[in-house]
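Structures follow.
Each of the two complexes below includes chain A, the first together with chain B, the second together with chain C.
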Partner chain A sequence: MKDKIAVIGVGHTEFGELWDSSWIDLVEEAGLGALEDASIKKKDIDKFFLGNMSLGMFGGQEHTASKVFSEVFSGGPDSHVLGRRIEGACSSGGLALEASFNDILAGIHHGQDKIIMAGGFEKMTDKPTDEATKILSAASDMGKEMGFTFPALYGIIKDRYIEETGAEEEDFDYIAVKSHKNASLNSRAQYSFEVSHSKVKDSFKVASPTKLLNSSGIADGAAAVIMTTVRKAEEIGTDYVVLEDVQGVNDSIALFEREDILTLVSTKRAADMVYRSTGFGPEDVDIAEVHDCFSIAEILALEDLGFYPKREGWKWIKKSLSGCEEMDGPIPYKLPGGKNLFVNTSGGLKAKGHPVGATGIAQVVEVVEQLSGRAGDRQVPDAKVGITHNVGGSGGTAVVSLLTKPDGVS
Partner chain B sequence: MKRTGPEYRRTLGLRYLKGKRCKECGKIFLSSRNFCSECGRKGELTRIDLPKKGEVYSSSVVRKSTSDFNLDSKIPYSVGLIDLDGTDFKAPGIIDSESRTTGEEVQARIGLLGVSNEIRFYTYVWNRKHQYHSPEPSFGGCNVDGGVGIVDYGVYVPRKRIKSEEIAEVWGEQVEGLVKSFPGKWDDTGSYAMNSALNCLKGSGVDPSAIGKIMVGSESHPYAVKPTASVVAELLGSDRQCVDFEFACKAGTQAIIDAHDSVKAETIDYAMAIGADSSQARPGDALKYTSGDGAAAVLIGLKDPIAVINGYESFTTDTPDFLRGEAEEFPVHFGRFTGEPAYFKHIKIAAERLMESQCTKPGDYDYALFHQPNSKFPRKVGKRLGFTEDQIEPTVVVDWIGNTYSACVPLGLCRILDQASPGDRIFITSYGSGAGSDAFDMTVTEKIKEKQKQKKRSVDSWIGKEDRDLLEFESYGKYVKNKGLLKD
Partner chain C sequence: MKDKIAVIGVGHTEFGELWDSSWIDLVEEAGLGALEDASIKKKDIDKFFLGNMSLGMFGGQEHTASKVFSEVFSGGPDSHVLGRRIEGACSSGGLALEASFNDILAGIHHGQDKIIMAGGFEKMTDKPTDEATKILSAASDMGKEMGFTFPALYGIIKDRYIEETGAEEEDFDYIAVKSHKNASLNSRAQYSFEVSHSKVKDSFKVASPTKLLNSSGIADGAAAVIMTTVRKAEEIGTDYVVLEDVQGVNDSIALFEREDILTLVSTKRAADMVYRSTGFGPEDVDIAEVHDCFSIAEILALEDLGFYPKREGWKWIKKSLSGCEEMDGPIPYKLPGGKNLFVNTSGGLKAKGHPVGATGIAQVVEVVEQLSGRAGDRQVPDAKVGITHNVGGSGGTAVVSLLTKPDGVS
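Right after this comes the complex of A and B.
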């Protein structure tokens, strides 16, 4: 147990069009928030990993870690921190988490209990929308999928899903209603208002069958978590949540190169690895923050993470969410075994916001807050096991993590 | 994000559906890679042409796009994965449709993806497949079988049409009964030339590397400097002589003369002559009712011609009836000057020279084709020269697509070849402002029957005389948008 990894602090900026904040302001706010939450000082940090998709294109800045060091850590004579930026499109945050996790594990082998900050950020609104869309399309196989936008890639997946399953377009629209309902309970959310099913249904067809209200927007934001060993956490005397495992897997970047465009093999494999190493299965999970950049992505995620049989997720979602407009949040999904699963209590990428590099870490922040009973209005009762699921591109990368409440199951 | 020459070259194969297949395991790739992803370095890859037909596996209609390649000016457009016929390979591509196409059969045609850094990136674009009207094979026989002539032909006309009433309404004029073609979303003169060339070469049995010369006549070449013909040649797989011609509406027939002479001189085996135009007209000009879009390609050779070129004559003067200045967007013309001292005089002299040198009279011909700036002129000049309605009518294309400038006479010629019987004699006179005319005398051979049988789509279908349900009649607004007259 002592050699397990603990998350001892979390920080999370507001997500949205934060015109008054630069990217470094956001990183500082999330980073300092996490440090305070962990009750440690800047100098206690050994390393930091920052997930970020495209500061180079969005902000014209490279050499990110040094800039973060200057502005956030600003050393002193005994400074020993080393940071780096990690890129994997929208899964950059998840990859930063994975890197931090394994760096701490490696430290254990050397008799060290490292304290690492895993962060993620994106500052997207400094660019006009069409340019931001172009930058985001760099997460797809730009050379081969010419003319394809991200909503179109997921539109193609959704179109095929509809073709093969008989699901109807409006079945997907309940997901957005649920996400907005959850986000209305989250003060950090970009879109913390409720939407009706008919409003989602009638929204602009960005890349049909993908509609505007099936899609996450463009946002600024940052999130950070402080991680160390359970031994160190107990030594510091701070509360913690256990990060049981994190696994990331790649798949081909281009949709057309996949056997089945309705399966994110990367998600499936990463989840299988996590379930195998931790001994937990989908049936043990109480809450999940999944990568719902588009409504169809949430269905595929729930199928690929093992909660629903393949190509049947839509039926369960429809069953769970019909009439959700009248329910109070957070709204759970019903699993085939009869259990409730709370998905994207934060509002998800859809409604909480999706500053791409920040998302993977922000998901962990939500799960940590839920497992430690600090989620306020959106608190899920008795949540003991949570997972996060962070996807890059249309599935070229997926990172899955599993977290537990320390004195819970196990 | 500006694209560059190296990227243009590197992505040619990808855009032209040239894939690679592993010699070991047969896996297909759509990239410039050198080794198989499964077999590694022992999996050597060979270049293959991917099928140009398939079924839409899944698709999405894009209504918000990026400034990359100005794609935001093309919305709505579709993208999707195409299950290529006879393979288990799905190709990503643009689909020329504003509505869902999943499950439909499609075929690939060349389109202009967009312009970046002034470089035009052409790519295959997928179009819905239809059953088309095809030419009726002719009967009979004749003893003409040798000589330099046309060995194959192909045309391309976009399916967009606008009626003169639509245009007249905007300009407060009354012009009724005219129809003309205009560009689809992915069209320009380059894509017209390329598609007509592909259609010409398709059933010819001619190895593209045997084409020693490709010429494109146009007055709307996509580049001021850089030949359209080189773009066509790369696509076809020919890498020898390439040159563009400009002589207003007769650049296409000048290309035919040049092709004939080169083959006759036995310096090359085959030459391709293309006339292609996306005709320019100042929005307020009377030309707005007639300037049309299209292309036709003829392959000239010595072996198995379907029509032998018996001879040609030309007539040229320095007459400024219609012209476009360097870097000017639109041509100007000088009203009544256009008819008498220009069109009628030049055609008359060239036509008479030809009949003199060939020792023929109008009655010796089965078809009489003249340049068609409008419906009236060709009929009028034909009658003045002594030709009859029966000889002229089967050659007319202007009534369905307008004046396609350099493509006009080549298109009319292809329409004749669709209908002609062995032994038929064809009389042609083109006209190009500036000014000049080329006149040709041709005789159709026995080989025409086989060629007509081979053609899956008639010129009548392309111009919209047949298959009228495939035409897309649009508003003036769509016309202005697709013609590039809309300024942001």
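Right after this comes the complex of A and C.
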């Protein structure tokens, strides 16, 4: 137990169009927030890993970590901090989490309990939307999928899903209604308001059949978590949540190279590895933050993570969410065994916002707050096991983590 | 010993203006070369870490690792490979090495002997030189050093060095003569030819006092190394060199924030950590690949790594290299104790070439080849201990590694 990894602090900026802040302001706010939450100081940090997709194209700055060191961590004459930026498109945050996790394990092997910050950020709204869309398309295969935007790629997947399953377009739209309802309870969310089913249904088509309100938007934001060993967390005397495991897997970057475009093999494999190593299964999970960059992505995620049989997620979503406009949030999905599963209580990428490099870490922040009873109006009752699911591109990378509330669970 | 980290294979493309190759071609060539050298197959790789400064700005592609997975590693139905890109400006390669090292240690903690590829690459010559120079300046502080190119930043350092020490400009020029002489023995080098001292001395000033032939150029290239545990290397039955340790440290990104611009604190601290953990000191080192992006940088590196007293490197360099035009390469430096130290036998960044993300890994390739007696015309006699030194920007990051020949050394 002492050798397990503990998340001892979290920080999270508002997500949205934050024109008053630079990218470094956002990293500083999230980072210092996490340090304060963990009751530690800058000088206590051994390393930091920052998930970010494209500060080069969005902000013209590379050598990201040295700049962050200068502005945030610069720790005086004895400083020995090492940072770096991790790039894996929209899964950059998840990959920073995974790297941090393993770096702490490496420390344990040498008898050291390192304290590491895993952060993520993106500053996207300083570019016009069409330019931001073009930069985001760099997460697809720029040699072979050129000209496709992500709404178009996910539109192809949605078309195929409808064709194979008989789902109807309006079934997908309930997901957005649910996510906005959750986001309306989250003051940090970019779109912290409710939307009606008819509003989603009638929103314009960005890349048919993907509609505006099936899509996450362009956003600025940053998130950070402080991680160490359980041993060190107890020595510091701070509360913590256990990060039981985090695994990532790659798949081909281009859709046409996949055997089945309705399965994100990367998600399935990463989840299988996490379930196997932790002994927990989908039936144990109370809350999940999944990568819903588009409504169809949330359905695929719930199937690939093992909550629903493949190609049947839509039926359960329909069953769970029909009439959800009238319910109070947060609104759960019903699982086949009858259990409630709360998905994207934060509002998800759709409504909380998706500053791409921040997302994988922001998901962990939400799960940690839920498991430690600090989620305010969004609080889910008795949550003990949570997972996060962060995707790069259209599934070329997926990272899955599993977290538990320490008392009486693991 | 079994838990030590072994480098079991190396791959290295030609460095230069490689207009026939795309970035992915280069990564593939270096990666498959390293696999072949290690006598293993694609499917044996557990993870890969790729150092790259700015594929976004140079090539418009992010989600680098998924693209590499598609083209290089795609391993069939059971694939569980995870890759990611690591960005730390010109130290991206060194940071990929450091991450790979720690990931293997994390595996050992869980009773697993992972096989990891650490690679690095940059494809720079597809952009006009002035645009490439602008992209490279993103490794400096884009908010506070805007308008400075790297030849200018290192020119400021050189000016200061001359002012404080009494060194003369032509002393620096011997370094380029030595590096080109070494590169003339290296068929992979971008500038595989000799230059005379007068040619260096008379080359035009790029940013006074930095002259063209004091500077590394714009280049394309990739390098890769395969790493695992000594236990696994012996199980595979392949030759190996021991990577004893690798450490990195950040410093402030902007020059004006430094107490002494003639000391790269990041280099000093990283080297101290490596010397402390391995028990080796500068007096034990036979060969070093140091980050000589400009001639002045090689002097600072030799001082900061502990080979020469601070502000005295130039005297020793003068003593070692005066008249070196007439000597046969590789040409060593004399150390204060009388020992020979061979520096940048590859030709260094100056003459082998500096495709920025590749450099930190290419340095390891050179040291591994030297320690295993495979350096051909450049072979140094009886080399047993080597170090690599990779810098980001003007010292905002530094990564130092120490490698040994396994027989009778460690």
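Here, the second predicted complex is superposed on the first by the 409 of 410 C-alpha atoms of A that agree within 3 Å, B and C clash if a C-alpha of one lies under 4 Å from a C-alpha of the other, contacts with A are read in each partner's own complex, and residues count from 1 in each chain.
By our rule, a contact is a pair of C-beta atoms (placed from the backbone, for glycine too) under 8 Å apart; a residue touches a chain by one contact, two chains touch by 3 or more.
Keep in mind that what you see is a predicted model, and the values were worked out from it rather than measured.
Contact with chain B, but none with chain C, is seen for A:F148 once the two complexes are overlaid on the shared chain. Contact with chain C, but none with chain B, is seen for A:G88 once the two complexes are overlaid on the shared chain.
Which of chain B and chain C touches more residues of chain A is settled by the count: it is C.
Touch criterion met: A:A65 reaches chain C, while chain B stays clear of it. Of the two partner chains placed by superposition, A:W19 touches none, neither chain B nor chain C.
Of the two partner chains, both chain B and chain C are touched by A:A254.
On chain A, the surface patch touched by chain B in one complex and by chain C in the other comprises residues 143, 254.
The touching residues of chain A, when paired with chain B in their complex, are 130-131, 133-134, 137, 143-149, 151-153, 155-160, 163, 204-210, 254-256, 261. By the touch criterion given at the top, residues 3, 22, 24, 53-54, 56-57, 59-67, 69-70, 73-74, 79-89, 95, 98-99, 101-103, 105-106, 108-110, 135, 138-143, 247-254, 257, 269, 273, 392-393, 396-397 of chain C touch chain A in their complex. Across the complex, chain A is touched by residues 1, 11, 14-15, 30-31, 57-69, 71-72, 77, 79-81, 90-92, 94, 100, 102-103, 113, 123 of chain B.
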